[in-house]
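Each structure below is given as structure tokens.
One chain, subunit A, appears in both complexes that follow, with subunit B as partner in the first and subunit C in the second.
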Partner chain A sequence: MDFVFKNKRISGILTILPKKTVKFEDEMANYSFSPAKCMKLKLAMGYKEHRIAEPGQCSSDFCKFGLQYMFDNNLIKKEDIDALLFVSQSADYYMPPTSNIIQGHFGLKHDCLCLDINQGCAGFEIGLIQSFMLLEQPAINKVVLMNADVLSPKVSDQDRNSKPLIGDAASITIVEKSNDDTTIYANIKMDGTGAFALNIPAGGFRMPSTAETAIMEQDAVGNFRSKNNLVMQGDDVFNFVQREVPPMIEHLLKQADVDKDWADWYMFHQPNKFMLHKLADKLGVPHEKMPANIVENFGNASGVTVPTCISYNLGDVIVNGSSKLCLAGFGVGLTWSSVLVEMSHLMFNQIVEF
Partner chain B sequence: MKQKIINILADLRPEFDFNEDVNFIEDGMLDSFDIISLVSDLDSTFGISIDGVDILPENFSSIAAIENLLKKNGVK
Partner chain C sequence: MEKLIKKLEEILETENLDVNKKFQDYEEWDSLAALSVISLLDSDYGLPMKYKDLIAFESIKAFCEDVLCRQ
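Coming up: the complex of A and B.
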């Protein structure tokens, strides 16, 4: 599904990372690989360290910290927020929506649309597209898009498929109307037949968490996890990404009538270095234009990886100037989505720690 | 090409004899992470980038399968 937007802009990105850093070497004794094979895994996948929330810290806490930082530093005014989007797979409660909790926490105006969206790895692109659509309404001039996930408590320490790469983080992106006449192109694709390639079996209404779902079981390749833990069918996800993402990007560029050189940067979701390099090679994009350093330094925090990639790698470059970006997210759902956008003279683009 | 492939496999999993006429995947000689390591080594050894859509277990099940994969990706 293709989208075209005009007169919209991204005016600020704040990435909020946990202070706690855990190194790959500190955890590898938990995995069923030999130390030598663990180090090969580290090298091939680009795992170095990841940021993990402290016990009790929820996704919303990172969002609240980030919003308070923005209010304190006059980066946004409370009364200007017309919509508050919370894109996450780690809501505080089944009910109420976490976006409403955050709205109430800050006493934001009642004329503020609060919306929770359950999305993961493509959550930044989905959130941007939703924000752009909301901005078509006369009553909405400024959207606060919060991407946040604290999923590390759901990942087994003995799961080498997922544990080395998981990261916790949040980002807050300001999306607003603009007189800028540039066009933003985007697309979304979904395939629910692959919904269980990434899932947490227990804990919802279909399979409530019980003592039985907490029993640790060994899988065919030596990982231990319970039904309360996140499970990723790594081979299926890898094949899905390699099969679907390159044609999606080719289609996006064709839709915008530009070639690959148009984009200064390919800011993609960060599952691992190997997968990103394969995507870059397939697309004919130099590795240096597709950074793979977020999973390496901070971990994979689902929909937060792309804004983190922008904050970490570009920083003031798009505050003092502009860059043309091709964004892509892909994963849980299965969902894959991309956005072609020029980011110019943002008010802020930075990382803070909570 | 064949000897280079055998050398890479022997370095990756020295406990196995890759000259044997067996299925490397079904016989448990290569797991999914071994395949990733193998692809990285083949890429650097032969100066190619194996297409991501070809990274499927069946393409790494025997020396012949790996040779076919390399030929498909431009190795002569």
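Coming up: the complex of A and C.
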């Protein structure tokens, strides 16, 4: 499904990372791999260290910290927030929505649309597209898009598929109306027949958490998980990404009538270095135009990886100047989405620690 | 077939691959080796395959024949 937007801009990105760093080597002993095998895994996937929230820290806490930082530094005014989006798979409660809790915490105005969106790896692109759609309304001039996930407590320590790469983080992006009439191109695709390629079996209404769902079981390749843990069918995800993402990007570029050189940067979701290099090769994009350094430094915090990638790799480059970006997210849902946008003279683009 | 076997020898870290054996008979066979095979099939043969497909082959020879006949 294709989208076209005009007169919208991204005016600021703040990435909020946990202070706590965990090294791959510190967790190796939990995996059913020899140390030599673990080092091979580390090298192939590009694992080094990842940022993990402290026990008790929820994704909303990172959002609150980031918003407070923005208010304190005059990066946004409370009364200017017409919509507050919270894109996450780690909401505080089933009810109420986490976005409402955050609105209440800061005493934001009542004329503010609060919206929780359950999305993961493509959460930044989905959130941007939703923000752009809301900005079509006369009453909405400024949207605050929060992407946040603290999923590390849901990943088993004995799961070498997912534990070495999981990261916790949040980002806050300001999306607003603008006089700039450059076109923003985007697309979204979904395939619910693959909904369980990434999932947490227990804890929802379908299968509530019980003593039984907490029992650890071994899978076919030696990982231990309970039904309360996140589980990823790595081979399905790999095949899905390699099959669907390159044609999606080709389609996006065609829609915009530009070639691959148009984009200065390919800021993609960060599953691991191995998959990103495969994608770059398939697309014929040089590795240096598709940064793959987020998992090794911070971990994969689902929908937060793309803003983290922008904050970490571009920083003031798009505050003092501009860059043409091709953004893409792909994963849980299954959902895959991409956005072609020029980011120019942002008010801020930085990382803070909480 | 020779080209494919050479690649498999690299992945399984062996010089004389016994094609009558199964993948899981090799000591070097694990989830990372499986991903290397899945990735090889994707990049060189445009063929999606799952982990459980790989270990279901009665021999590496049967696997190779399947890959090549689906070309």
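Just so it is clear, the second predicted complex is superposed on the first by the 354 of 354 C-alpha atoms of A that agree within 3 Å, B and C clash if a C-alpha of one lies under 4 Å from a C-alpha of the other, contacts with A are read in each partner's own complex, and residues count from 1 in each chain.
Everything that follows uses one rule, which is that a residue touches a chain if its C-beta (ideal position, glycine included) is under 8 Å from a C-beta of that chain, and two chains touch if they have at least 3 such contacts.
Small disclaimer: the values here were computed from a predicted structure and weren't measured.
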Where does A:K20 make contact in the superposed view: on subunit B (first), on subunit C (second), on both, or on neither?
neither
Q) Between subunit B (first) and subunit C (second), which, if any, makes contact with A:A44: first, second, both or neither? A) both
Inset, instruction - Using the superposition on chain A described above, determine whether A:D236 touches subunit B (first), subunit C (second), both, or neither. - result: second
For this session: State whether A:L279 touches subunit B only (first), subunit C only (second), both chains, or neither.
Result: first
Overlap of the subunit B and subunit C interfaces on subunit A comprises residues 33, 37, 40-41, 44, 221, 234-235, 238-239, 242-243, 274, 278, 281-282
The subunit A residues in contact with subunit B across the complex are 33, 37, 40-41, 44-45, 221, 234-235, 238-239, 241-243, 274-275, 277-279, 281-282
Subunit C contacts subunit A in the complex at 30-32, 34-36, 38-39, 42-43, 48-52, 55
So, in the complex, the side of subunit A touching subunit C is made of residues 33, 37, 40-41, 44, 160-161, 220-222, 234-236, 238-239, 242-243, 274, 278, 281-282
So, in the complex, the side of subunit B touching subunit A is made of residues 31-33, 36-37, 39-40, 49, 51-53, 55-57
